Amino acid sequence: MMNKKVKDAESAIFDIKDGDTLMLGGFGLCGIPENCISALVKMGVKNLTCISNNAGVDDFGIGLMLQQKQVKKMIASYVGENAEFERQLLTGELDVELIPQGTLAFRCMAAGYGMPAIYTPAGVGTEVAIGKEIRNFNGKDYLLEMAFNASFAIVKAWKGDTEGNLIYKATARNFNAAMAMAGKITIAEVEELVEPGGLDPNEIHTPGIYVHRIFQGSNYEKRIEKKTITK
Amino acid sequence: MLDKEGIAKRIAQEIQNNYYVNLGIGIPTLVANYIPKNINVCFQSENGLLGMGPFPSEDAVDADLINAGKQTITMLPGASIFDSAMSFGMIHAQKIDLTILGAMEVSEMGDIANWKIPGKMVKGMGGAMDLVASAKNIIVAMQHVNKEGESKLLPKCSLPLTGIRCVKKIVTELAVLAVLPEGGFKLLERAPGVSVETIKKATLGKLVIEGDIPEMAFN
Amino acid sequence: MMNKKVKDAESAIFDIKDGDTLMLGGFGLCGIPENCISALVKMGVKNLTCISNNAGVDDFGIGLMLQQKQVKKMIASYVGENAEFERQLLTGELDVELIPQGTLAFRCMAAGYGMPAIYTPAGVGTEVAIGKEIRNFNGKDYLLEMAFNASFAIVKAWKGDTEGNLIYKATARNFNAAMAMAGKITIAEVEELVEPGGLDPNEIHTPGIYVHRIFQGSNYEKRIEKKTITK
Amino acid sequence: MLDKEGIAKRIAQEIQNNYYVNLGIGIPTLVANYIPKNINVCFQSENGLLGMGPFPSEDAVDADLINAGKQTITMLPGASIFDSAMSFGMIHAQKIDLTILGAMEVSEMGDIANWKIPGKMVKGMGGAMDLVASAKNIIVAMQHVNKEGESKLLPKCSLPLTGIRCVKKIVTELAVLAVLPEGGFKLLERAPGVSVETIKKATLGKLVIEGDIPEMAFN
């Protein structure tokens, strides 16, 4: 079958260039592709459009790319917790499109399912609806939202095999699964990379057909944004 | 007058047996602490979890297991994990029985504003627009007035909207109010020691008062 | 948490009545809800609209319901392998709507995802498109297809717990997963029913929130339509 | 003239390294037997499987593991299972590199009819309409003429269509033909021992013949 294994993050992202549109998996700092983000910072590629639920924090996640001013436009649903982000937004250095979280997920899924657009009730009657087509079905209004069209999707999984099959862990699945389906090129970094046959076909979350390059990442920090414990 | 815990405690009474519930950040999160023992409830976290349990002990903290507020959490037996698309799929398909969230403003038509203060705060709507556009039943947990002492229950929201005609009930430190289908806040209950007059003064939108207004009961 | 366990197929389908619309999972005879089908035949409920990829064979699966003339209308993608079906179709006893298999799957998924309708390229330029809205996105034509609205979805899974969480086995997953999300009431029969905690949350295919009643089935025949072996 | 195995063998040459391929029922299924050893290929079965392997041995037969033709099959290492919605999702998103299917008629514009003979056969389209509406590359495997000796390569299909302007190539017992974007069947190869004249006679649609037409090569 296929072998999609590449050596490391550098070899996985080698052809990402200035001005590209990237999807980056994760929710907050949970399940973000740490290795690829580091490699993107090192590579210094600029003017990126990033599609991601959040923008990381000041010194971790996409925040590292914001520090280096690599991001021209951010499409996200929630961008709190990031002072540098807010600064760039207020000074106009950064173009930001805030969209409902479900819309973000569905526009990814639509791309992965070959649907050109989907209808969602989220945002009807709000500024999100401005300029968008509204249609009534069964007495309820919906907005027409277009499938994303991103050159690259960069996701993080727990386990993967060289065929590109992916299994995520707990809530680190979040946007990774929908984005993995949505990239023209999908790059996956995993904590554990196994040979074909090492994963149960029944337990795979993202079939390998959606993944173009895969590598085993290293030195995962897995920073926790809000550690809360029971006293 | 109620404190935050009191508001959470009163809202907990709204949860019926076998409800699937989504709790927003802030006061709504506290509601989980006051669910009556005889009530089965399953909490959904929109980042992809059903069956959310309490915060973990120090040694059970897992960076890969957080709630939508990015707090570390646990899973109860019978929990399930899913991706963001399915999570909002079940929200849009109205599988969630009750959504409890905070608000900056609510209008007498049931419009809600809770995601943006132009020129001041731009954090984003997160999942709030999806939740309010789809929920069968929405209860807002908030303070009756803002820090400047201005009413947050308005004839019309002044802030950018999160959703329209969606809020069903509001619980504040002063009162429980229902939003009437034809418009207006119907006063249902007073917080302990709070007079109708006080609630009137704190409510800028149309307030509907019929008969005697009972005081909230806690047990 | 919730307890959705019911005793058996009879108690699971008790409120299905004449004229109801049912979705039935399975592909061919693989992964069909055998116990519920038997119970429906015994119950004798009539004038049903059945949404199912196939119509079983003469003496198994939905074929058993066709024999008893319980089905008024069939919405399916492929109905070969069934002489009684063909007879009822040609005599006009049975109303049949044949739709593309992907359309069938997406109309289920749309219902489970709260999408009122989806766009699909399948059927453009064919008789399937007659009377349907056609829309061009990025140079390609798509048909607008409506979400299903079925009173009951009846599915078969491998393992389940009393919360309604489901895990399917191999290709018996097929339409069961999408239909499980799509019923106003979803009934699941499983080969093995466990207590909450007996399934790994990470391996669940259908979260319990979509399932209303669940029971452990018995005497699964699992008939094979085309046994093919390597000599 | 080729037999069915010969058609399958010739089509197998069209499969490139690292292709994801969907095989229809009939002759297409046979193609899997002729994939060159040095070619990596992954077969998708639209009922929810990537990495379909050969038929099982008697003791490995599993009723829960079938292909879209309802035959019992096996999984290769690296296989994955998914539901019907995701299966057609990956088909519509054009993740499948090549689709090989049978046909009752193909028109010189690349239209295909393979699901219905009015008044005679109503089995349904199954996944065929999805596959032909989405595939990047479609090869049709069929006999050049039907049982009545009538050409199946027509100016226009007479049977209800499965899809329009989608077929790229046709392999029959007589020839390999490409469908030209502007319309017409371009003759690419003759089957061993078959003359251009024979192919002309068997082709009712516009046949484009340029230069010498080579005989198919098998190794």
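Think of it as A, B, C and D in the order they're written, each chain with its own count starting at 1.
In the analysis below, a residue touches a chain if its C-beta (ideal position, glycine included) is under 8 Å from a C-beta of that chain, and two chains touch if they have at least 3 such contacts.
Nothing here was measured: the structure is a model prediction, and the numbers come from that model.
Participant: Touching subunit C and subunit D alike: which chains?
Facilitator: Where subunit C and subunit D share a partner, that partner set is A.
Participant: Find the geometric centre of each of subunit A and subunit C from their Cα atoms only, then give the gap between the two centres in Å, rounded to an integer.
Facilitator: Distance between chain centres: 33 Å.
Participant: What's the distance between the Cα centroids of subunit B and subunit D, rounded to whole Å?
Facilitator: That gives a centre separation of 56 Å.
Participant: For subunit A and subunit D, what's the span in angstrom between their mean Cα positions?
Facilitator: 36
Participant: Report the inter-chain centroid distance for subunit A and subunit B in whole angstrom, where each centroid is the mean of the CA atoms.
Facilitator: 29
Participant: Residues touching two or more other chains, restricted to subunit D: which are they?
Facilitator: 49, 75, 81-82, 85, 88, 91-92, 134
Participant: Note the residues in subunit C that touch 2 or more other chains, in rising order.
Facilitator: Expected reply: 106, 113-115, 120-121, 168-170, 201-202.
Participant: Chains as vertices, touching pairs as edges: which of line, ring, star, complete or other describes this one?
Facilitator: other
Participant: When you check every pair of chains, which ones turn out to touch?
Facilitator: Every touching chain pair, ordered by label, is A-B, A-C, A-D, B-C, C-D.
Participant: Give every residue of subunit A touching subunit B within the complex, in rising order.
Facilitator: Per the touch definition, subunit A meets subunit B at residues 27-31, 53, 76-80, 86, 89, 96, 98-106, 108-109, 120-128, 158, 168-178, 205, 222-230.
Participant: Flag every residue of subunit A that touches subunit C in the complex, lowest number first.
Facilitator: 106, 113-121, 137-138, 140, 142, 146, 167-170, 201-203
Participant: Using the touch rule from the top, collect the residues of subunit D that touch subunit A in their complex.
Facilitator: Residues 18, 20, 40-42, 44, 49-51, 75-82, 85-86, 88-96, 134.
Participant: Using the touch rule from the top, collect the residues of subunit B that touch subunit A in their complex.
Facilitator: These residues of subunit B touch subunit A: 45-49, 54-58, 61-73, 75, 81-85, 87-88, 91-92, 111, 122-130, 133-134, 160-165.
Participant: Quick one: in the complex, what on subunit C touches subunit B?
Facilitator: Those residues of subunit C that touch subunit B are 1-3, 111-115, 161-163, 165, 181, 195-197, 201-202, 204, 207-210.
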